[in-house]
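I have placed the structure first, in the form of structure tokens, so that the comments after it can refer back to it.
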């Protein structure tokens, strides 16, 4: 029988989260973010958090909700500041911000999940990102040594999941979710649709359940769009 | 419009293969091997090859066919020798064999395709595999620096593919194929069923077409089983 | 002098059939509207799609389908979605033939600065550092001068760098230039723009050949 | 003295509910037949499946569905297939709670040798080096002595190593032993086997406590 990772609700899913922990939060912009987990973190009011997330949400949604409540001490991201409160906290020094090239961020999460403590990448060589880091040439090209990232909890969002923790993402809502799922000591997956183990085609699973410790079916997804761009029908 | 990677047949797919090249060949045992490409390599009779492949086939199938014709100079593998001719050539010194831990082999192929020239792994520390390699401790645990692998051609086998080069593998026939597809300077994919671009669900593709330079629908797949194991119906 | 759209149009002439292309935010995005006849390319957006199509029809936006600029998009037939690690594996592994992006400054040694202005709010580099460090073929699309009229083509970048020795070609509202041997080489000028105007707008070393044809836009 | 099947049975008692387990070729494979009541585990095979099931019924073999021993298998409900890089990401990243494998030699410092005999045909280490270097919890399943009657529990391995300081528990046909502080600690003996027999069959340092219960098999 498949292992059962299902928990009753978002409250049980977040059992054990504490002040000063490090969290990974999936999503790119507001696309594919774990809305239910974020709401529950706000509700619990835990503080001093380090959040590893490609972006920091907008003022009134996503990680912006945690910023509003000053629950975040440090952001590790590649692109931020679509968010006035973020900017205010950063400029005032209330918020520590560690900016990382997007590809290095993704690969560092994967490395954390894959037991690879460090790897070389060309990204950031010659820039302030490489300061204090080992540089080595391979094939005549300089590369920077980057280290793995892990987290106490990883919060990810998928489209479908089964009780064994297997996940399927939809379109570009996949983004950082699969690597963060690998890198969480406890990975909490919320899904739009939770099905029994065996209901998903084992060929089509994006994140194997082994990476997921807790799974639940989320509710009330807003799935906000940051920039609606359309063309006219002509 | 999607880019078109389709070639007419295995002959055109292998255009440009030459003596003394380095090839990656997908598959685990005889499962998921590019049968058509191997047959064409035998037909062409090119020699002095370096083959990166987890295994070396059996005497009369898979890479064993190339060994029979003494076309292979060097094998880079994790497990070999289910093959008498292999053993004979290895013991006589005709064949150079470089044995690599299976996980390091997989990750080195991925690294080659992902532009990561080197990474640290704990595998092989303290063994002859680590000889001459840099060792560094992370979190008190020693790790070995392993380098990326690439190849002049990668030959992979998938279940379904489209003309844009997108691939879907079946069950455990996936194995090394996805990473090798990434690491070939020219990646040749053969598939059991080739469909027009757009016919596959973009959520369900395992290897994005960007990694595939040539694709064709293979024929006459034998799909041999090395060890048939069954249980009785009671 | 070229409009932003004409800059995009000129860069589109550089596209070769069968290329995978990553377009940055701003002017580069416009290139997709000018793909020459008979040229077939596929667009990658680094948040996780190959085969990006045009914006959706009104009412057909999908919150789960956006590009790296967070705009709603569509997928072309043959498209594929993937995670961010795979996306940057494509970029770092040089599977993408062309990257076009904007810049605040470009130096004559190929250095580029486009992510940070000291003292101002820093939004981050996003994927730009990975893209410029990895791509074999980078075209910078930008205005020749900044809003204060100062040249963006410099002997040396003054802003924090995004990448070093990586830019090979620049298309501005005034000219097409190549970076070679530590200098900007003028290849083409915008219709009606004189060599003197380009010289005046270029702070770095500018090499001007005997013939400088007008761009065909 | 235990049969191979009984060794597997004894190791199966170590399984904890909710574990992912990687079983090597040989004796370890037999463990799947002895999972205790109320214990739910999932088996990984490093060629690319989690949720490996029993052998297929005759006539239902699928060439595309094999285990790391190249045997035809089935998939349980909730199973998932993945590539070799992902498979070893699970292993290296310590997402698999238990690895059971065979050995030619184990040393009292936890070193293990199980892949190469100098002068004989070398087949390769397969995934063994990754498994032993990564797993937090490794049990070696083997006969206490080799075919020539020599102890396989040594002060120091004589064969080329597969991994260092990694084995914590050993279950043989004679005993259950733990490796601790550079010595083999006897935990249990096989039914009917005396401590003296175990001492005689163990070349390395053996620590024998006052009480050594018989295994429950």
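Each chain gets a letter, A, B, C and D, in the order it is written, and its residues are counted from 1.
Heads up, the rule we're going with is that contacts are C-beta pairs under 8 Å (C-beta built on N, C-alpha and C of every residue); 3 or more make two chains touch, one makes a residue touch a chain.
For clarity, every value in this text was computed on a predicted model and none was experimentally measured.
Participant: In the chain contact graph, what is the shortest path length, in steps, from subunit A to subunit B?
Facilitator: So the least number of steps between the two chains is 1.
Participant: Over half of the contact pairs shared by residue number: find the pair among B-C, A-C or A-D that meets that against B-D.
Facilitator: The pair repeating the interface of B-D is A-C.
Participant: What chain is the most remote from subunit C, judged by the mean position of CA atoms in each chain?
Facilitator: D
Participant: Name whichever of A-C and A-D has more C-beta pairs touching across its two chains.
Facilitator: Most contacts of the two pairs: A-C.
Participant: How many angstrom between the C-alpha centroids of subunit C and subunit B?
Facilitator: From the centre of subunit B to the centre of subunit C is 36 Å.
Participant: Where the centres are mean C-alpha positions, what is the separation of subunit C from subunit D, in Å?
Facilitator: 55
Participant: Go ahead and note the Å separation of the Cα centroids belonging to subunit A and subunit C.
Facilitator: Centre-to-centre distance between subunit A and subunit C: 28 Å.
Participant: Tell me, which residues of subunit B touch at least two other chains?
Facilitator: If we look for residues of subunit B contacting two or more partner chains, we find 107, 110, 114-116, 121-122, 169-171, 202-203.
Participant: If I count partner chains per residue in subunit C, which residues reach a count of at least 2?
Facilitator: 49, 75, 81-82, 85, 88, 91-92, 134
Participant: All pairs of touching chains, please: list them by chain label.
Facilitator: So the chains that touch one another pair up as A-B, A-C, A-D, B-C, B-D.
Participant: In the complex formed with subunit D, which residues of subunit A make contact?
Facilitator: 1-4, 110, 112-116, 162-164, 166, 182, 196-198, 202-203, 205, 208-211
Participant: Can you check the complex and tell me which residues of subunit A touch subunit B?
Facilitator: Interface residues on subunit A, with respect to subunit B: 107, 111, 114-122, 136, 138-139, 143, 147, 168-171, 202-204.
Participant: Which bits of subunit B are touching subunit D when the two form their complex?
Facilitator: Subunit B residues touching subunit D: 28-32, 54, 77-82, 87, 90-91, 97, 99, 101-107, 109-110, 121-129, 159, 169-179, 206, 223-233.
Participant: Which residues of subunit C touch subunit A in the complex?
Facilitator: Those residues of subunit C that touch subunit A are 45-49, 54-73, 75, 81-85, 87-88, 91-92, 111, 121-130, 133-134, 160-165.
Participant: Contact residues on subunit D for subunit A in the complex?
Facilitator: Interface residues on the subunit D side: 18, 20, 40-42, 44, 49-51, 75-82, 85-86, 88-96, 134.
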